[in-house]
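To keep things simple, chains are lettered A, B, C and D as they appear, and every chain counts its residues starting from 1.
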Amino acid sequence: MIEAAVIGAGRIGRIHAANVAAQSGIRLKYVADVHEASAQELAQRHGAQVADVDGIFGDPAVQAVVIASSTDTHAPLIELAARAGKHIFCEKPVDLDLARARACADAVVQAGVTCMIGFQRRFDPTFAGLQARLAGGEIGDPEMLVVTSRDPGAPPADYIKRSGGIFRDMLIHDFDICRWILGDEARSVHATGSCLSDPAIAAAGDIDSTAVTIRTRRGLLCVINTARRAAYGYDQRFEVLGSRGMLQAGNVRPTEVTAFSGRNVSTDLPEAFFLERYRAAYAAEIAHFVAALVNGGPVRTTIDDGLKALELADAAARSFASGAPVMLD
Amino acid sequence: MIEAAVIGAGRIGRIHAANVAAQSGIRLKYVADVHEASAQELAQRHGAQVADVDGIFGDPAVQAVVIASSTDTHAPLIELAARAGKHIFCEKPVDLDLARARACADAVVQAGVTCMIGFQRRFDPTFAGLQARLAGGEIGDPEMLVVTSRDPGAPPADYIKRSGGIFRDMLIHDFDICRWILGDEARSVHATGSCLSDPAIAAAGDIDSTAVTIRTRRGLLCVINTARRAAYGYDQRFEVLGSRGMLQAGNVRPTEVTAFSGRNVSTDLPEAFFLERYRAAYAAEIAHFVAALVNGGPVRTTIDDGLKALELADAAARSFASGAPVMLD
Amino acid sequence: MIEAAVIGAGRIGRIHAANVAAQSGIRLKYVADVHEASAQELAQRHGAQVADVDGIFGDPAVQAVVIASSTDTHAPLIELAARAGKHIFCEKPVDLDLARARACADAVVQAGVTCMIGFQRRFDPTFAGLQARLAGGEIGDPEMLVVTSRDPGAPPADYIKRSGGIFRDMLIHDFDICRWILGDEARSVHATGSCLSDPAIAAAGDIDSTAVTIRTRRGLLCVINTARRAAYGYDQRFEVLGSRGMLQAGNVRPTEVTAFSGRNVSTDLPEAFFLERYRAAYAAEIAHFVAALVNGGPVRTTIDDGLKALELADAAARSFASGAPVMLD
Amino acid sequence: MIEAAVIGAGRIGRIHAANVAAQSGIRLKYVADVHEASAQELAQRHGAQVADVDGIFGDPAVQAVVIASSTDTHAPLIELAARAGKHIFCEKPVDLDLARARACADAVVQAGVTCMIGFQRRFDPTFAGLQARLAGGEIGDPEMLVVTSRDPGAPPADYIKRSGGIFRDMLIHDFDICRWILGDEARSVHATGSCLSDPAIAAAGDIDSTAVTIRTRRGLLCVINTARRAAYGYDQRFEVLGSRGMLQAGNVRPTEVTAFSGRNVSTDLPEAFFLERYRAAYAAEIAHFVAALVNGGPVRTTIDDGLKALELADAAARSFASGAPVMLD
């Protein structure tokens, strides 16, 4: 029985804690949070104890930590955990600064611990199902990927300011999808964008709408379009054109009710936001992490994947700033 | 904290046990099964004890029992549970014999316990969502209901023989849908059918395909078509025509992948069978049962609903046997 | 070059005239109508002449007539046309009276002319496409057919009174679909129904909603549900369950626009009514008729098909009146 | 009655000729083609005469010409027609050379004739329906447009060589969609692409897959992805995100049959290629041209639209060649 700790008792920490608790083979021993009351409540729900990070890293019984605290704590916590010999599951991003993130990766390698980054989309049943069929050769070789990724509404300007910008904060998931689906690395990245929904976002130095084009080493094309505000909800789709066909990953609906009125035929909007849309994905990624620890296998989304996605985000941010495409080695 | 027992550790008993265990406000204390090993395994998974029914009914700490054992045990167990003052959740049907089922209902009334029958379809997100919108007046008054209900494959002939026939075994769910959606009771029932998929079903005295028409007291129409064998899987749909529109409840798919090949555009088959299709419904019905116990409210699918569905099944069986419609009071 | 006449310059006559005019191999020579002005206008549009029926049947150059006049004129016109040796395309029904319709069929046989009945649905691209795939064995043997057939709104009570009743007027098309798709004749017919939308229909001695079950000689099942009023428009669907799968024929939409609002995801309503829904079918049936005349082959919807559909309508009307199923030989 | 001539009796000329012939208010007087036999056959089908271009432009009775000959003849024919005072419908592109195309536009202005360019997609029922709803404010202001435009297979290398390159030959339609839907002009264009399907295309100096990003003066974004080869057929979709929702234009299917097998649920592939997909659009654009001539109104797709689309194609070609975005005034 692996003993684990969850650091961060916010929205996403609570989801990870519940998914850890529901797994056999692992036991949630500790919950930590800078807000004591949040840690208390979450620990109690799952029969765990409250601890601070020193307590967690100092307890030799703890083999694994789930890092779900704020972005700026990811890097120091990864390094502390690695040095303490704990296996790590960490929410994206590793860090907003690429050099800092690389230092974390080095620490992980030196410590020889497992470190999985929470690119949960790879574990979504629809996305994972598509990828498996693509990998199985169903549509031949991939040639072009079109990713549509839109949030139902923009976060507050305060969040925007600390977010690292839309490319690092929001598109990092889409960059991971690009690498995962095309199975190739970027050669060039071109990014453009606008602030169309809310001047507060521009005032915070960011944009809310982007169009990014990636050309890979083998010449495959990836087009990503994103928006911070889609009035109809959370829109998460991609489609990959292959030499023998196409596979599309569509949105998920809460129900399969279709209504026929005097005006139109309608169905539900997509699941409201990421907590609903990726509920199964969050459970599956934790199950995968635990299985990797129990069975000793590799994890599917490594810290190197985290670095690579961050490199793409950096390149996109530079391209947007300069107006010119950015070449990668 | 309510203490509960699950009787029957088969396929459906295991689902109910897991759903009870996942609820707060209730604790799974006992598991019983005629196969000791099954009971043992299930009890262990959820930290419960194995007991026999006498032990369960004799323990004053037990307030609720979930009956998921074989159909012929439902009636005696309901009566024993009622006399012991336990609240009851029982899988459909109450009994294959209507008089016997009525005796159970009397025992429940006399004991003053809550008795919920497992018509889980009412708790399916799609079906429940449709019903709520219908009840909210979205399409005016219901006028016609078309129910399509098909299994992926017929059960073994042995099961067929003990099943009470297709109308009592399979259509009982559809009869409940009819009453629930139209909000009216049947005035006449006409049933016809055939054995088309497997002569063993005919040899067992049953049919595998039915077409049932119900006309209600207010003149509303319900058409039910069922088949024991649909090569494409489990097909569970209905649609209700109202004075101002129509609402359709469609099948649920495992993923939202769409594939474009050189031949066609394809999506997943529906969820494979009832355990997959109604996973959320099984959880929701147990949550509803527990909430009713905790809060003291009524349950949505009573033993009276069980009787009424059985009356329709009986009427359909008689109509099929005689070739003529059967009138109900 | 075949010379042809269209009798009846109403809504459907105008469609047939245009489709005849657009065919090569046939020339529209005459148009007749009891309203001279309608005939005049239609004739002028297509460079044809106005004539009365005597003139048409008396002109030896005319080889084919298209009968699109009122229902009560179909039988006498078929007989006159047959005696004059003209090939006949006649709108459904042959006649509301079965004996009279049989007399027409006799006249046709004696005259040795081709007589095609306008069951245009068999020529709809979707319906015909489905039938071809079924006939090609794609889903094995057909077992059950579910037909949904709903009009956007009821005709005026005056029309209802002269219509022969909903089974002969509206369901005659659905009965033809049943025979065509299942490839088998009815053994028993059960019909029930209600008047739910408009008391004027009941006052005219008719109903507006029906549920009809047909069991064929081989035991196949067909369930037909119809309504005179669907608030969302013209609803024309059927699905056939086979031993190896299912084929569904869905509605056709004017456009493929999908709208995502803050409330739902919506598409167009189905094509508004039969003139729009079956535009391609009307063209294809006339093309088939002309090709049969030019090439000397048989037509796909014979006067015998017209009789058989009428027999089913009669049986359904008797079943509804008596409340009991009606057996057919 | 307007008298008209069609120049070019190939695939698209035959379609235009048939659509002209089916219009009232216009009469097809002449057909011209460098292949006499093609002209002869087409003229005969519609009761027209064969003529050469001198004969057409010299006949004062001819008021309108439809230019459907090879691309290199468009510019000289437009100029000759303008000087002869004929109204012009010309297939895209005006010319592959922008300066030459501008000279044509000058000639048209000087002559004061109507000149419509065949951007038939604007007349497709689905695309036009979407644009009308967008213009009606249904989704607020447009913010982002995603265009997917894929051919079923690449043309022969010979065609590729004379085509002006994929941006001028294939994407010109998509550039027109961009301007039409966003209602704004491009400020910057970035294009990238690859040759993935057939080395013969690369050998001919072209690519087969492109990803183009346009940012407009108001900061709106447009992403176009195209491929010369989609194994599943002709794929013509776009979607526009607005401040209050999204509108999608989907593909059109030959039939609405859905098949359920033991493997999946499938529907038809999209209409095979542009002749099938845009059949209604070709008819509607000619109807619009004729109506504009008869009623004296403006046409919706002017020669200026042709120039603007060509400017975008030029910019995209330059961007692809240089690797850098191209700014437009």
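Everything below uses one rule, namely that a residue touches a chain if its C-beta (ideal position, glycine included) is under 8 Å from a C-beta of that chain, and two chains touch if they have at least 3 such contacts.
Labels paired with UniProt names: A, B, C, D = Inositol 2-dehydrogenase.
Model, not experiment: these values are computed from the prediction.
A.B. asks: Between B-D and C-D, which chain pair shares more contacting C-beta pairs?
C.D. replies: Output for the comparison: C-D.
A.B. asks: Determine, using the mean of C-alpha atoms as each chain's centre, which chain is farthest from chain D.
C.D. replies: Comparing chain centres, B lies farthest from chain D.
A.B. asks: Taking each chain's centre as the mean of its CA atoms, how far is chain C from chain D in angstrom?
C.D. replies: The separation of the two C-alpha centroids amounts to 40 Å.
A.B. asks: In angstrom, rounded to a whole number, how far apart do the mean CA points of chain B and chain D lie?
C.D. replies: That pair's centroid distance is 57 Å.
A.B. asks: Going through chain D residue by residue, note those that touch at least 2 other chains and give them in order.
C.D. replies: Those would be 139, 230-232, 244-246, 259-262.
A.B. asks: Which stretch or stretches of chain C touch chain B in the complex?
C.D. replies: It comes out as residues 139-140, 143-144, 146, 148, 150, 188, 190, 192-197, 209-211, 213, 215, 219-223, 225, 227, 229-232, 235, 241-246, 323-325.
A.B. asks: Of all residues in chain D, which touch chain B in the complex?
C.D. replies: Residue positions touching the partner: 230-233, 259-269.
A.B. asks: Residue numbers of chain C touching chain D in their complex, please.
C.D. replies: 125-126, 129-130, 133, 138-139, 244-252, 254-262
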